[in-house]
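Across the two complexes that follow, chain A remains constant while its partner is chain B and subsequently chain C.
The block that comes next holds the complex of A and B.
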């Protein structure tokens, strides 16, 4: 455990020193604050709906940006740094600790970068709509961090699995496109080929194949209500056996997306001849 | 012992005063003693029900006297024409739906029921084949502990015509106002909330519904099987749930829906088999879906409405519709409209398309709503814009307005404002503090 903490701290230091965290914090914070400020200024909606509408835009921002940045940072931490990597490998450190430690460090780095952005945006929202949905907002930030975890793990896996390291970034970029766009298009297309009752079940099960979908659906349900999905919301809640269970299933699904790729990655790394 | 006081120059009409300390301490006894046209003044206190008015009398409460029913049947039953019941508190009716157990059961005409508080009753005021009554300023609160199906309606109008229902407040009943075979009614300035349907309407023609507020119900107003209904300046607000609608039409003809505010509902307007009706100058805002339209709705017109900040504008179920989104070259105001107005006549020069490809698919495949605001949905919409070859029914507004013309300002929703809370502010502030702190701490080590 001590090794993992040390590695995590080391990883954070690397990303803070090389300004990744700072740059990302500025870009993300600026966008989030702009969405919160202008979203509310033009919306003119007070109360809970004002909150729900503004945070829905923040959710969208998170769904595009966080997977991309997480994938890049995850990939870079194993494929980017030549000398630092070799230095680490010659240390008396178990290779699985290396993966978990780096994952934790990266996760905290992203938490730092997004935390200030989400925090500032949250302050603007709170000033405008009052206490409507503070807990919901905190849960939403939690969702965003789980999304980061999933894509960091995927990035690490891609980096370790690629034979030639520079290629890893290409794969990572492909993964981003795949999960953010192609996957949903594929499923939507597929649902038109199968009979109606199967199609509904297919849609709900397909959510688990894509962490972006899991976080998007769970995030909307947190920030607004399952009613935002209309009839599909009824089916979804029924499919999982209640609103609470739907949340649990989607969140557990997302966490698994964080753990499984990392577990695969450390398995690969242990067997790898460096 | 009866106190005699001539009023209003009418020689015969007298006023009987009922007060707990006597001499006349029973309302029932006073009714027995009174002659047609008399007034019974009831002072503050608790009196036993149930009461039956079989001659035209005025029951005038002073200081909110309470009439406590027997817990079965109706607390007050009005059988004679021309009675007045004013300023009373009425509680504890029976609980048998088929017996019409009510606070006030009216089976006669030309009565006035005003300024009463009716609580702990199955039905509030039940008009049973009763015509030309005035029901004004009553507060009716039902049995919140019962399921919707077990409760009665706030004001139930059956087989009655020409009634005026004005400025009543109704909550926690099944339906707020229920009208069946109730033509020529006027429903104005009522507030109906925490109900199944705020207004529920069957087979009632030629009614006017104005300046009412229907909020926090499962359905704001459900208008069914009726003709020539005029809805003006009502507010349908925050009716939310899986099958919630602000304003629902089912099999209606020739209605006019003008100047209403339809805001923050799961679905703003739902129309199935609504025909030849006009929606004009309404503000339809912040609904999850603004309009839910079945193919069976035909020849309706939307003109000069404002559609602002709805998550989705339109769902069409079935094949296309004959709904027109403009009338004589005047369309609606759409906040999503991106066109221009080169000739400066206030009408956009480019038609406004109400749905993209994804939204059209969603109409007949509701499961796709799960992909709400996903990149895939955006991509489908973009693909259709870039390659406009995908066929299918389309809904257009050929003459979108550049400026809103609805009766309400577009920010009319500033109804509720949640007070500023220190805690709401502290949580995100802590988030910033933690991030910056961690950044500095790790950076220094």
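The block that comes next holds the complex of A and C.
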């Protein structure tokens, strides 16, 4: 077994054993079932709602929760390690392998939590209302994992770049606020300062500067709802020559958000004192 | 085997390691001795590639640690001062993980646990979080010993160990020595250094203040050792006499005259005292313990201070005699 795989399996085992995976699987599963069960209550209708409506509600929720959880996990895995994990750093393995191994292990842990949580919830929903729209639900789980990848990598980068653990968590929280809450406000503010054609282009390009936006747009595209993003959405589809290619671009953009911070993190760690 | 050349490591303006150079020979057990904050751990961390020196270089079997850390680390195994493992995992899982990282077979785990008297059957399903600090340190030691490498680097290995752990550690180190392994360890426990080390380097405030064999350090100390002379007729005049015949330091303490001198001057001073009217009952020069030598180097305490306070000098550790004329 390769070094990265050994590290990843060890990391995954740690998160399974400390029940973190179980807790999140429960939270994800319970939320999905609750949304499906009570989603129609506001319309005065009793009973389970189908996969399509449940997925739309879950996507909105996931855009807040997954980045926070992933940032914290990524930060914790290295901020603790630098002080206490000397034994790991003195093994004859490249420090780059440590970053990729931990990222992969964390990804596997989140995949197990989301897969089992949403999987079990999906089975309950399917048993109550049938499997119509289940593909969208599965694509949503895929999007949630992509979002997790991007923010795990950002969490690892923050942990490695920060000298102290509390500071690392401070920066991680700042990143969450920035990407989830402030970024869009900032872009909207900027659009008021420039002429409309440039503003549309700015909104379109700004999508690639925020993994949350990439997943949001990509997720809503799978729900057959790209027009929700107005002129920027139209420009996106037009620029990439169709919805399919636009979708691919958004997914590649999100994956790059998972790779680039990890790549920067390994460069930093290689030169760093432990 | 290990060459440290002019290594400097600075933390926020403080020179934690200050121009240290030393060589550890193959098959040697080498101790780094010094008080807390003297730079021992920093130097070991530089050797293990955990810290990057500001200047200087460290080579292990000719491989520069800074430029090829993986190759250098493949020759060494390290036990940090404090070990930490994920608390939810069992001892067996942790050992299996590190064995896999080192490319060692799983049979090696059983052998190392047997060496350290770690009951693997009892511990195999025990979570790390339930272990005592002494047992945890023994697991750390087991991880360090899993690697079949020529060099073992141990940072304060006895600090958190229980007495049984210390006994096992000493036995294991003796085995490693017999096998010709090189051992570099840091300690401020002088008895460990005295019993285990071939050579010792004393670090104070990041500087190397002594580098010799344990016996060599003692010899060095003997060259300027303190002699205690019991007199029937103590008199301030004898202090002056001792000074005149080569004592670097002399004083009266009750009925005793204490003087510090080179070994070659000792007899001449005693004869001069006798010729000057001193009636000598007994005299002795204490055999220095490593502790005295060490404290002399760190500048905090000397054997003379100990004698001034009237500390008992064990008879077995003295070079005693009657008056020189007898």
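Following the convention adopted for this analysis, the second predicted complex is superposed on the first by the 241 of 274 C-alpha atoms of A that agree within 3 Å, B and C clash if a C-alpha of one lies under 4 Å from a C-alpha of the other, contacts with A are read in each partner's own complex, and residues count from 1 in each chain.
As a working rule, a contact is a pair of C-beta atoms (placed from the backbone, for glycine too) under 8 Å apart; a residue touches a chain by one contact, two chains touch by 3 or more.
Everything numeric in this text was worked out from a predicted model, so none of it was measured.
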Original post:
In the superposed arrangement, which partner chain does A:17 touch: chain B (first), chain C (second), both, or neither?
Top reply: both
**OP:** Would you mind checking which one, chain B or chain C, touches more residues on chain A?
**Re:** B
**OP:** Based on the superposed arrangement, let me know which partner A:198 touches: chain B (first), chain C (second), both, or neither?
**Re:** neither
**OP:** Could you tell me if A:220 is touching chain B, chain C, both of them or neither one (first, second, both, neither)?
**Re:** first
Original post:
Between chain B (first) and chain C (second), which does A:207 come into contact with in this model arrangement: first, second, both, or neither?
Top reply: first
Original post:
Regarding the shared-chain residue A:190, is it in contact with chain B (first), chain C (second), both, or neither?
Top reply: neither
Original post:
If you stack the two complexes on chain A, which partner ends up touching A:89: first (chain B), second (chain C), both, or neither?
Top reply: second
Original post:
Who does A:252 touch here: chain B (first), chain C (second), both, or neither?
Top reply: neither
Subject >> Footprint overlap on chain A, where chain B in one structure and chain C in the other make contact >> reply: 13, 17
Original post:
Which chain A residues qualify as touching chain C in the complex?
Top reply: 1, 3, 6-7, 10, 13-14, 17-19, 84-87, 89-94, 271, 273-274
**OP:** Note which residues of chain C are touching chain A in the complex, please.
**Re:** 45, 48-52, 70-71, 73-74, 76-78, 80, 82-89, 93, 97-98, 100-102, 140, 143
**OP:** Spell out the residues on chain B that touch chain A in their complex, using ranges where they run on.
**Re:** 240-244, 264, 266-267, 286, 288-289, 309, 311, 365-377, 379-380, 410-411, 413-414, 416-421, 423-425, 427-436, 438-439, 442-443, 445
Original post:
Which part of chain A faces chain B closely enough to touch in the complex?
Top reply: 9, 12-13, 16-17, 21-22, 25, 43-49, 53, 56, 60, 63-64, 108, 111-116, 118-123, 125-127, 129-132, 134, 137-138, 141, 180-181, 183-185, 188, 191-192, 199-200, 203-204, 207, 212-213, 216-217, 220, 225-236
